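As written, the chain order gives the labels A, B, C and D, with residue 1 at the start of each chain.
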């Protein structure tokens, strides 16, 4: 997919990044169109406070339930499917069934967590062009996805004004 | 450390990934040689039959199961500890977690091979898998070995993901700094990580959930390993104390292994500024607690056996206390308690070297403990006529040595491919200002002695 | 066979696969036309006779179809044939009534032994080199005939010696007739554990020169003087059956069993009371018991009759044998002697047995006579619960002993041109001091009928391999074990695997080629003809309620494995011969007690008997009942003695007598007197198949050549030895512990 | 109700002669392992006669006790097997399915009687000793656990025969090799579910005890300990 045109600034430190963020907000650019990238999580800065709402714990719990059910059925059904008496124990042995159920519950939770993570963060995604290696040198990238041609100039100024060490733009027309 | 710039951290921690030294290659060659020898020994055993081992009536389990329990125990170093530290949000954990989690993954994989190695007919190992087969037979859920199967697989999968997820951002880092082929490879490994707030947040949430999940799994794994023994009516096996006893022992040996690994990494990868005395100090205290706990369990186990005074149990009891196994038993007590306790208890001695020495003895002691749990009981069951003994053969010894070398080998190779300390987590640590300040003070103290 | 091959095959499917498969599956052997029609997988049971010891138990052989590599007229090929799969006791047979001892069970492996001689062999290279070449039966017999005809025609400078195991039935008839036809012939029967002393004693006391048949089953009190009657002595299976009955077969009655012996034997282990006695003092002890019984008027001295009269001072009530007088000599407390005597007298019927070492002392005959007298006094002779003598015909014993022959040959007094060996291994079974080995070397021509190359047949010039007992006709007339008259017979249970011939057939063949008196004295063409003849005679003599004629009699006999009288025949105690009884009560021992401090006690191995079964893997791997030793031998030492000598379990110990020395690992066990060391007979073969050759040591080799006074038998328990530690030895024990209480507990 | 096969052993009769041991080898195709392996304690004797000395010279007594798979009703060996190689048959035997066995040897560890024997190598019979093999009993390959089966092949044969002839099985009609051979009739085999059978009679006689009964394995072999002598009505 051709990545959308974007204008972004690279900030040397979180404080200036914060300023850049606020500047964009003041320009009434919807946070939907704003993109942020950093080499570390900056949990206590506003620019990193985007979409912090996730049902991941609940999904994980559900996954656990599903896994547990599978475990229970596996244990239960196979004992019935191949009913053999050993050591004077009941064909349906409760405690071992419990153990298998427990293990698969945990497995279910873990796997769903991982899957949810990958899906919600759209990973893996090797195609995306929208990235700047400066990020991994500590720069913080803040930009706007396909801005209206009218707004382009203003956005650039605001980013510079906020203290972006560099402002780059990808132009759709060429 | 607080004084280090993010750039500096990146450079220091990526250094090991660039190029290999002759010394490194030499070590790898040696270790690899031993591993190959072990593999051929195993091949020979498959060809000739289990008779090439020293197993015999009535000791049907020996070195192999000892190694199995030992390595599974060792695997409790990483994931469990790092999970606990994550949840406790102990900031000093940041440089420690990854090298801990690596131990888990490797130790677990090594330990998990022993149930196969010790089989009489390893080529039929797939009989253990619960799948609808043409034989129409399902495995026996009542067998603790099946529980092992489920528990170990769960633990392995969890640990691997627990290790891999936080590695992705660091792969991205390497990707951006590398050229050519290397860039491509790490690009793939980085999964196209860009570092948006969303990615960061989901990653941390996921790690948090898994930290919660992995702790009970780890506990269950070693409980189940202990039940392999406790479920059989064998003198000194058939005991309720076994599960906690084994778990404690596992964490004990795990921490020891972690300290050893860190000490070696610190020396050979020049991480003096990252793996600080404070880390060894803190882990040392943890080890001290576990040593006391271990001693408490041994005491409790022995005391109840002795008071119970049941003749078959007493036979095992005395053979370890005074009898043919007593040298091993008392060596174990020295290695697990008498030596490490003073070293770890006295602050002056709780140095990097001190903790490393203590950890070394503990690792040996814990291996002996596993051996002493298995063999004396089997060789002294109820009917004295059936009593016997056990001597390992070169095959078992080679394979055992091979696993230790395999551990070192995997570790060395890993540290050449992945930053052994989580770079992004370290950087993030820098920005948690308040904690950072405390860290500065503490570490400078630690640095002082 | 390649382990890998086997894996493939056995993995494929079970035993039937293994049956064909054990061999290399892809060999291109031709397949012979089956000689018998058998249903695959269907077992048939054929009667046979166990020939492994003198007891003569009846067998049932389980025969099933299998595929064997055999040679038929010179051609190797695969043959679908009936193969013996399992030996079991013949329930109809009066001796063992369907039961069998471990040796009998292992008899199967004699037939299938990998080292069996598969065809006639002629010596090829120096004598004893063990190099032989296969020859045809015609050539082999031609050789033998020429050797023997020389003996007949040429004025013999030497004669014909025939050394066999003790024979019975038509085999004996044929061999003796064969021998008789030669002017200067010396037939002799040899067995290390021979019953010559018992026969002599019983002949003297009761007029039956036979081993006794003990009716243990009805007995209430059994006193055994060293007889291993539950293991190897006399008719062990019959006696074991009776023993079981004595113990638990009679509601409300449980007989007591007392064993007197210096080392606890497998039999002694089952005793209610095991009482150690000084070696050789058994007779004195028996008379001590008699003394008490007479003195306390529990029986009258006269009750003993002739048997008593043979004992000096009997009529005076044996004044010299008062318990307190003999306590020191016997090593048994006087009160014990008194108690046992009273118990025995009070629990009628009571019976006393003697055998093994007790009769293998220089005073063995005296001991036996004393026990006979005790039996007579207890009134147990010829009565239920006592001693009887099976009414089978008394067979004349050869009077020349191997020892005498050997010394005569070595001194040149007697020349032997030709020696025939059958089922006897004199080189292994005689003390080195007898010089048998040297004597054999002096004999120009030795022919052996053995199925294996053993210590003796290795010296042979010609080997004419016999069938295994399962492959040949058999007949037997057991002399002990049942109060019924028993004449066993059995046709071959299976066809021969190898190019072998049964010994009697060969002798008959040779006889006819030699012709003359010999041929006339042996009218039968084959062994089975001879057996049938004997049964015809038996029919004429005994008649039969069931069979209407001799042929039917013969048929039924074959089907059930023999003929036995329906009712038990009471043996009449014919006065007995007034054979001069030895006056000397005390045993003599070879070796100065100050230097040779220990009595040396060889004993029959429960598994190898006299060593003739050491070649069977099942016997080698079965743990000895008491020591649990496998694949080896041992020298048994009392713990206190071992401590004094500084010998630990498994240490190699050197045992030296005046006549030789050997080395064996020490087994330290509590059941032996401190001044006695014991060693099982059986191992120590120089040459006896891959399983027994060069394994362990042979106690017989160091025995002193003294014989039992008044008989020609070897006094094999009369040697003294000295011990010394000779390093670390190898002792393979199956049992992990001596005692049930765990030794670990001593730490408490 | 199906048969419950059991055994009674009268130790007052047993003389430790080992006939049972050899008979078992012959019947069940148990390979001999040879000297080296025997030294490593790998000899396979499905039935062994345990010998215990008591006391010191001259007051020595010896105890014999044949020990083999006790065919427990609550067998510790069965539940621990992950592949159902050891399981419980409807006739109360501890079955051992060689083809399912992968050789974890867990059953052998769990067995308190130590009567399970392991094939450390493939069995070898020097030709033509292989001709003695019993076609009714499968040969066990390397890595497989084996043990006393109560001669299940004889039991099955007996049952099939009886069924074919449409008759009840007679008590004593089926005899394992050891019982069949025992020269003192110390061993009695039969159906414990039939109160009339000889084995039931002995099992319920006052003398009957179980080996390691306190472990609760509910063995189906009954041991009748050796009696002591105390005169009889005469005295």
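In the analysis below, a contact is a pair of C-beta atoms (placed from the backbone, for glycine too) under 8 Å apart; a residue touches a chain by one contact, two chains touch by 3 or more.
Source: prediction; values computed, not measured.
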A-D compared against A-B, more contacting pairs: A-B
Chain whose average C-alpha position is farthest from subunit C's own: A
Middle chain, criterion being Cα centroid separation: D
Distance from the mean Cα position of subunit C to that of subunit A, given in whole angstrom: 91
Centroid spacing, where centroids are CA-atom means, of subunit A and subunit D in whole angstrom: 66
Between subunit B and subunit A, distance of the C-alpha-averaged centres to the nearest whole Å: 31
Cα-centroid distance, subunit B relative to subunit D, in whole angstrom: 44
Subunit A residues counted as touching two or more neighbouring chains: 82, 84, 86-87, 89
Interface hub residues of subunit C, defined as touching at least two other chains: 735, 737, 739-740
Junction residues of subunit D, two or more chains touched: 41, 48, 50-52, 76, 79, 81, 84, 121-122, 141-142
Pairwise touch network: line, ring, star, complete, or other: other
Residue ranges of subunit B touching subunit A (in the complex, touch as defined): 6-7, 130, 136-142, 146-147, 150-151, 153-154, 157-158, 161, 165, 168-169, 172-173, 175-177, 187-188, 191-206, 209-210, 213-214, 216-217, 220, 224, 424, 427-428, 431-432
In the complex, subunit B residues that touch subunit D: 48-51, 54-58, 60-61, 115, 118-122, 124-125, 127-128, 137, 139-140, 142-146, 149, 228, 231-234, 378, 381-386, 388
Contacting residues of subunit D [partner subunit C, same complex]: 10, 12-19, 21-23, 25-27, 29, 32-35, 38-39, 41, 43, 45, 48-58, 60-64, 121-142, 177, 180-186, 227-229, 231-235
Subunit B-facing residues of subunit A, complex: 14, 35-44, 47-52, 54, 56-57, 60, 64, 71, 74-75, 78-79, 81-82, 84, 86-87, 89, 93, 96-97, 99-100, 102-104, 106-107, 109-111, 113-114, 116-118, 120-121, 123-128, 130-131, 133, 135-138
Footprint of subunit A on subunit D - complex, ascending: 73-79, 81, 84, 86-88, 218
